[in-house]
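Below are two complexes that have chain A in common, paired first with chain B and then with chain C.
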Partner chain A sequence: MKTPVSVLRLPRGPEPNSRGFDPNSPRYIALCPTTIPASSGNKAGSVTLEEEQRVRSELRERFLRTLLAMTSKPVHFSLYEKVQVQAKFGASDIDILNFQVSDLQTPLGVQKEALLRCQDMISFSFQL
Partner chain B sequence: MAMRQTPLTCSGHTRPVVDLAFSGITPYGYFLISACKDGKPMLRQGDTGDWIGTFLGHKGAVWGATLNKEATKAATAAADFSAKVWDAVTGDEVLTLAHKHIVKSVNFTQDSNCLLTGGNDKLLRIYDLSKPEAEPQEISGHTSAVKKALWCNNDQQILSAADDRTIRLWDRNTGEAVKTLSFEASVSSMEYIPDGEILVITYGRTIAFYKAHTLDPIKTVDAPASIHSASLHPDKDFFVAGGDDFKLYKYDYTTKEEMESYKGHFGPVHCVRFSPDGELYASGSEDGTLRLWQTAVGKTYGLWKCVLPEELSSENSDALYCPPAEIKA
Partner chain C sequence: MGDWCRVMPQDWNKYVNHEVRVSAQDKQQYEGWVFTVDPVSASVVLVAFQESGGASVRVVLGHAVREVQVLREADGDTEKKLRSLLTPAGCQVFSDVELKERKERLHGWLEKNLIPVTDEGDVLRVANVLTISAPYGAGQCTSSNEIILARVQSLVESCPQQKNQQ
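Now for the complex of A and B:
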């Protein structure tokens, strides 16, 4: 009777709500080039870097506030292939990959609940 | 005392796993990418099978996947008529290369500057990744869908296998076929071993070994069942193969004798590859899982722990998981 080889644990599976690539992993921190152009290449000075960081934070905050303001409002989406749809915006997932919407008006009828893929969107607009 | 192999099951895919590839050995270990019909290729830590991330973007089954040596870039080939290049650290999509039909195979050059693709449009294409908008160099000749295309001979030549039952060796610069091998059956897989210049091919129940430069035959081995994929150990002492009967076979390369066979998968094995250090091999199956198998059964490596019989019953064995039969992640 052969004894089976022991294992410390089983391999970790995918996380249900994330696409992974943990930005806190040693490899990510070491290899990920900075996304701020001002800080890569030439030493343009900390002033430019600070300014760019400030603007980026501002833009990010504005985008997140836009998503908050959109909640439960009717939003018009322009998708690829000249498709235009309207729906009531519910929420976005953490990676801004999918939007949860209700009462999606489509040429085939109204979809009570739906997920719209953000990669399919060109733009969206709503009344404040 | 001989031990029984405990395969490690990596779950997560929801459809058959059709291709897998390892990176080289990097300062952060080595990595594994799996191509799946669910359209969501995954990156895993090579020695443990731990999931790192999923490349999201393809709109169809992913037929081929590869990593560059440093595991900084990934490339995938899909049924949505595109090949994509990804940043393998962040998981971001970097490039989409539109094709005219299903893309089946992708392969980076050693310097990761060029990508070779092949698919159902019967063409081989070479993309310069520093000029992705430029038209790719196209190599034609195959009379049906290309299944696999690989760089060889220091990226100066290309090996391709197609459904026209041929394997062709091409000169990268002239785009001309240097040599053609014809087979009675469709070639199911191809692996190129740069160190030693060996080509491993499978067709029907046969695993065949050829010299990559000349396409001269070295040896052939017949298995008990139809084989879909085989891989030669870096030290060239064993090779492993898997196919229709769901089992993994391990053979002695020198004597051609079957050494072991392992059950575990619940469907045909589509792909099998040795890790770059040869310590384990990974298999992908119709059952939607990847399994990692030890080359030296019982050795402490990755998640496997060598345990002496006395230790199993002691208090210190709390951290150890001793599987009674089959384990599923």
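Now for the complex of A and C:
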């Protein structure tokens, strides 16, 4: 049996039963932009709003598929200050703030399980 | 946070399937075909096809994007290649005609089984408690009443000639 690892508590995320963003959580206030770009209701007609929503969902679906394709693959992360690390990607949270990875190969050694803050990354890549 | 994060989704969509050069922080530059731009984090997904047949995918986080430059316009071939790269193999694309056919067939089948069903354009509505959206399989039935849902789903599954349901 595997020995359990200690878990670092993050500030409270979105409510488990809600549809995602809890705009009152400290984490959301600290990290998320309060608005995502959208045309305001009175300026644009409902047709353009609907079109915008369709485009947004299509883009998002493609992005989520990218993350799905990335699960349990070795991913190369380029962080700030020219730090390069490699790890096996596990999961991401909905607002792309943290990645859960396994076998993180750091300059100091291998970390079995880790959370990477997306704010620290410039880019990451993997092979298909 | 740069201006890239404040762009409207429609404008991000203009880059999709184009070959671009993304200038990121630390003066790094990445080139590739844009698969998508995440509307939440503004991250750009770039795909570079390799001669061996594989592909390498690079995601540049939205907050690190400084500039995006279009190198080459989209073409049909790459568009298809990009789409097939990351969509699951079991995915099936229906044409408008096929969808209409499927809807009509299911509509007829439900009526034949004395289920009150109305056609509301893209969706079929059953007695105001259940909707069936495209492509009209058992997996597309939505209802808050699980008993009705189970009944209608089994009926949809037994619909003759409605194959390849997902």
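By definition in this document, the second predicted complex is superposed on the first by the 77 of 128 C-alpha atoms of A that agree within 3 Å, B and C clash if a C-alpha of one lies under 4 Å from a C-alpha of the other, contacts with A are read in each partner's own complex, and residues count from 1 in each chain.
We adopt the following convention: a residue touches a chain if its C-beta (ideal position, glycine included) is under 8 Å from a C-beta of that chain, and two chains touch if they have at least 3 such contacts.
Nothing here was measured: the structure is a model prediction, and the numbers come from that model.
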item: First (chain B), second (chain C), both or neither touched by A:109; value: neither
item: Touching partner for A:69 - first (chain B), second (chain C), both, neither; value: second
item: Which superposed partner A:119 touches (first chain B, second chain C, both, neither); value: both
item: Residues of chain A at both interfaces, chain B in one complex, chain C in the other; value: 119
item: Complex contact set, residues of chain B against chain A; value: 1-6, 8-12, 28, 42-44, 48-57, 72, 89-91, 292, 294, 297-298, 303-307, 309, 312, 317, 319-324, 327, 329
item: List of chain C residues in touch with chain A within their complex; value: 1, 5-10, 12-13, 16, 24-26, 28, 30, 35-41, 43, 45, 54-61, 63-64, 85-88
item: Footprint of chain C on chain A - complex, ascending; value: 33, 36-39, 51-52, 55-56, 58-60, 62-63, 65-66, 69-70, 78, 80, 82, 94-96, 118-119, 121-128
item: Of chain A, residues touching chain B in the complex; value: 2-15, 19-23, 25-28, 30-32, 97, 119
